[in-house]
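Some structures to go through are shown next.
You will see two complexes here that share chain A, one where it goes with chain B and one where it goes with chain C.
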Partner chain A sequence: MQGLGIHVLFEGINFQRLLGGLWVTLRLALITIGLSCVFGLLFALLMLSRKPAAKVFCRVWLEIVRFMPQLVLLYIVYFGFARIFGWDLDGETSAVLVFTFWGAAEMGDLIRGALTSIPRHQAESAAALGLRKSQVYRYVLIPQTLRRLTPQAINLSTRIIKTTALVKMINVAEVLKVGQQIIGQFYRQPDAAFWVYFVIFLLYFLVCWPFSVLSGYLEKRWA
Partner chain B sequence: MSEPILRVQDIRKSFDGSGVLRGVSLEIREGEVVVIVGPSGCGKSTLLRCINGLETIDSGEIRLHNEVISGRKKDLHLVRQKIGMVFQSYDLFPHMKVMDNLLLGPVRALGRPREEVEKEALQMLDRVGLREKADVYPRTLSGGQKQRVALVRAMLMNPELLLLDEITAALDPEMVSEVLNVVIDLARGGMTMAIVTHEMRFAEAVADRILFLEDGVILEESDPETFFHSPKTERAARFLQSFTYASRRDGAEKQSKNNPQG
Partner chain C sequence: MKKLIRILALSLSLALLLSLAVSASAEGFRTLEEIKASGQLTVGLFSDKKPFGYIDEQGEYQGYDVYLARRLAEDLGVELVPVSLDAPNRIEYLQSFKVDLVLANFTYTDERAEQVDFALPYMKVALGVVSPDSALVTAPEQLNGKTLIVSKGTTAETFFEKNYPDVKLARYDTYTEAYIALLDGRGDALSTDNTEVLAWAIENPGFTVGIESLGSLDTINPAVSKGNETLLAWVNEEIRKLGEENFFHADYEATLRETYGANADADSLVVEGGVVE
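What follows is the complex of A and B.
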């Protein structure tokens, strides 16, 4: 009997490998979240534009993203794009592409919702004070939009972090994949799987929990 | 007779083809309080919004001190710095404390020094009985308190003209007078105002002149005494009638006629 399976994590550089995997997860998520914010803003502006074509375009995009499993999108980009367009994208690039495609649409919809939820008379009463249009945005509309948006954007961010686990299916060695490699290495230790997955669960928790705390705090403060 | 501060000449405005203002002209002199009354949808609010440039006008002209202010776009904010406006909805900025709400206009739009305005703001808050609320967020205030702050916020811009658009319409009845007393106080201080309201007693108490607006035209213009006690037009009389109730006891006969089931 080799004792508790948790020891497999401390064999050699296993724990470092796991942390390395976590870093891949985080890097992927952070790049995706950053890009989603930038493109989400553009998406929101498109949605709010008066051109019907732009609205339809955004609507279709949003529906695709909502109904299509992210894994399918990943396969289409990772395997499909190479065949069809001859783009041989590596796993991480494909993942960033797919998750940003998803994140930008969701973030855009959140930004649009936050912007339109601010009553029209807020802008009017600011204008009635003799502020310039740019000042109305800067001091009145944008601060309120950010307040409404932040908790929801944080929520979306934790979802993005969790969803990155899918990239192990296209051979990116993020934390889950590394964990499975470690388990495979110690196949003779029956409870290794439990301990490895348990530690991965803890790692995800440690990453996502602060976001959730922050979101709760901001929601209370800005209510 | 002093020159009018504001001169509105034959303005017209329609939304989706239906005329909301159909040729309205009026003048307001310095220190004068003009109250605009009329049935809902008659164009009262639109009239005020046009004066402040929140709505464009289709034709006609609006002058402030002989300077045309209608149809301006680029420097509209300069015009609005001289014309204050308070709305029906509590329109304080929820993300700013009361004091920051008050400072925003004078400091950011007029570029006045913060400390100076802060002193003035505290004095004004004191005058409306809200000095201790300077450091709270608007959500902790009652509707009446919010509107008093909104009045102070508009007054701190030292406007030449103040427009009040049904500022008590969204308030609980017991809070109406605390707000309107502030307005009467401002009127006593010589503030020039155009007021849209449904509070007829207040209108009578505060107005120098009453304008009765219906279907986008001014039907009657008189001093409050005449308007409320011997209106010149039959329409105005009927409008005023709508604010009174027939007594249940001595109107029993009439009521049964109107209500066949009763």
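What follows is the complex of A and C.
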């Protein structure tokens, strides 16, 4: 038990591995957030459609996402698909599938909420002023929707980043798993765990904080 | 209301479909021939449980289980593909055929044996008793009338209650509290899994494990997917063969000796050739 446990992070290539894990976390989160935005938009359009079948479909999807813990979904896709259909997906692919399934529904619901929250008379007034439909969207609806959407979308994004920690359960060595492996090397050093988790906390902060700054900046700029 | 019912019906039928599909799961494990042909053996290992399976500071898998995994892959003439898993999902990895073999300090139990196939054991775990050097306890009978420290709910507690009723038990909630009690002299000895007390005694000079193996043995075995007979037979044969060259003692020296110290007896943990004495 020599000195502060922080030295465990700098043994061999431990710190490099931790940063490698952070990159896995970040890559997974960014891919998921990107896909969630694209599919979220489609999801929102589907939710706004007047067809009852589309509405029921979205409703069921959204409810599944809301009541199923993400870990269960990950297990279903990673282990279940292999067992039932023989689809042997690797951990990262399963994670992108599950988190996009989740992110798209939530993002879609946020977009739908932001769009419908803009009073109908705004679009009507714009049309009365002679704006074409595309112009109504371009100059009236989309800017306001984006402004209302930003804080919630950023919130969802940071939630996605943090939730990626679950993928350590399906053989993806992201930052938390690498941290635990480092702690495992030094099980006789009681404060190793504290320092490793503390550094992981800082890393997560460094990743999520820019999103928060970006959100504040955009809100001010679009105000 | 009508809509709600429809949604409910839809999700129910979805769940039914899913459970039907689960019960009709196919046999998807890889036979010995298929593993050889693919040139890769995927083995489920711990990546954070030193000294059994962990990743060292150079990013390499190490440990008692890993040592065996390397040898098995070598003898099979294939590449070892380690898959990091955790204790709660070891069975799941085998049942979904994500790995060919699990070598993750996997203790044999009858319940688990219904879900996976265990090969011959390569390690055993029993109870150990640690006591101060000044009054070393070397046989359980010496504890009659004395106080033994145990953790609540452990096999040590039930073992001594049943077999040595004259031993006074001091029960503590956590391992940490129990060890502190021994350091404070609130008991004559302490008993828990032998792997635990052996490692603890190394860290605490003045204490020695006088009894290294006591009570019913649990064994640590490799496991394969249920019904994968070709692989199971090969692993069993391999363990018997490795026993002839005392492979597992070499494994102990390479990976466990550092943890359990120069004085620990390898035979209290190691099983050679799958035969438990």
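We adopt the following convention: the second predicted complex is superposed on the first by the 212 of 223 C-alpha atoms of A that agree within 3 Å, B and C clash if a C-alpha of one lies under 4 Å from a C-alpha of the other, contacts with A are read in each partner's own complex, and residues count from 1 in each chain.
Here is the rule we use: a contact is a pair of C-beta atoms (placed from the backbone, for glycine too) under 8 Å apart; a residue touches a chain by one contact, two chains touch by 3 or more.
Keep in mind that what you see is a predicted model, and the values were worked out from it rather than measured.
S.K.: Give one word, clash or fit, describing how chain B and chain C relate on chain A after superposing.
M.R.: On the shared chain A, the partners fit.
S.K.: Is A:Gly12 contacted by the first partner chain B, the second partner chain C, both or neither?
M.R.: Second partner only.
S.K.: Quick check for you: in the superposed arrangement, does A:Gln144 touch first (chain B), second (chain C), both or neither?
M.R.: first
S.K.: Counting only touches as set out at the top, which of chain B and chain C does A:Gly80 meet: first, second, both, neither?
M.R.: Second partner only.
S.K.: Between the C-alpha centres of chain B and chain C, what angle is opened at the C-alpha centre of chain A, expressed to the nearest 10°?
M.R.: The vertex angle at chain A equals 160 degrees.
S.K.: I'd like to know which partner A:Gln180 touches here: chain B for first, chain C for second, both or neither.
M.R.: Second partner only.
S.K.: Which of the two partners, first being chain B and second being chain C, lies in contact with A:Trp222: first, second, both, or neither?
M.R.: In the superposition, A:Trp222 contacts chain B only.
S.K.: So, does A:Leu129 touch the first partner chain B, the second partner chain C, both, or neither?
M.R.: The first partner, chain B, only.
S.K.: Which partner, once the models are overlaid, touches more of chain A's residues, chain C or chain B?
M.R.: C
S.K.: Please work out how little space separates the C-alpha atoms of chain B and chain C at their nearest point after superposition, in whole Å.
M.R.: Between chain B and chain C, the minimum C-alpha distance equals 24 Å.
S.K.: Given the complex with chain C, which residues does chain A contribute to the contact?
M.R.: 11-14, 17, 56, 59-60, 63-64, 75, 78-80, 82-86, 88, 169, 171, 173, 177, 180-185, 187-188
S.K.: Help me check something: in the complex, which residues belonging to chain A touch chain B?
M.R.: Counting only chain A, the residues touching chain B are 119, 121-122, 124-133, 135, 139-140, 143-144, 147, 222.
S.K.: Enumerate the contact residues on chain B facing chain A in the complex.
M.R.: Checking each residue of chain B against chain A gives 52, 54, 76-78, 80-85, 87, 89, 91, 93-95, 104-105, 108-110, 150, 153-154, 157.
S.K.: Looking at the complex, which residues from chain C come into contact with chain A?
M.R.: Listed in rising order, the residues are 3, 6-7, 10-11, 14, 21-22, 24-26, 28, 47-50, 54-59, 83-86, 89, 92-93, 95-98, 203.
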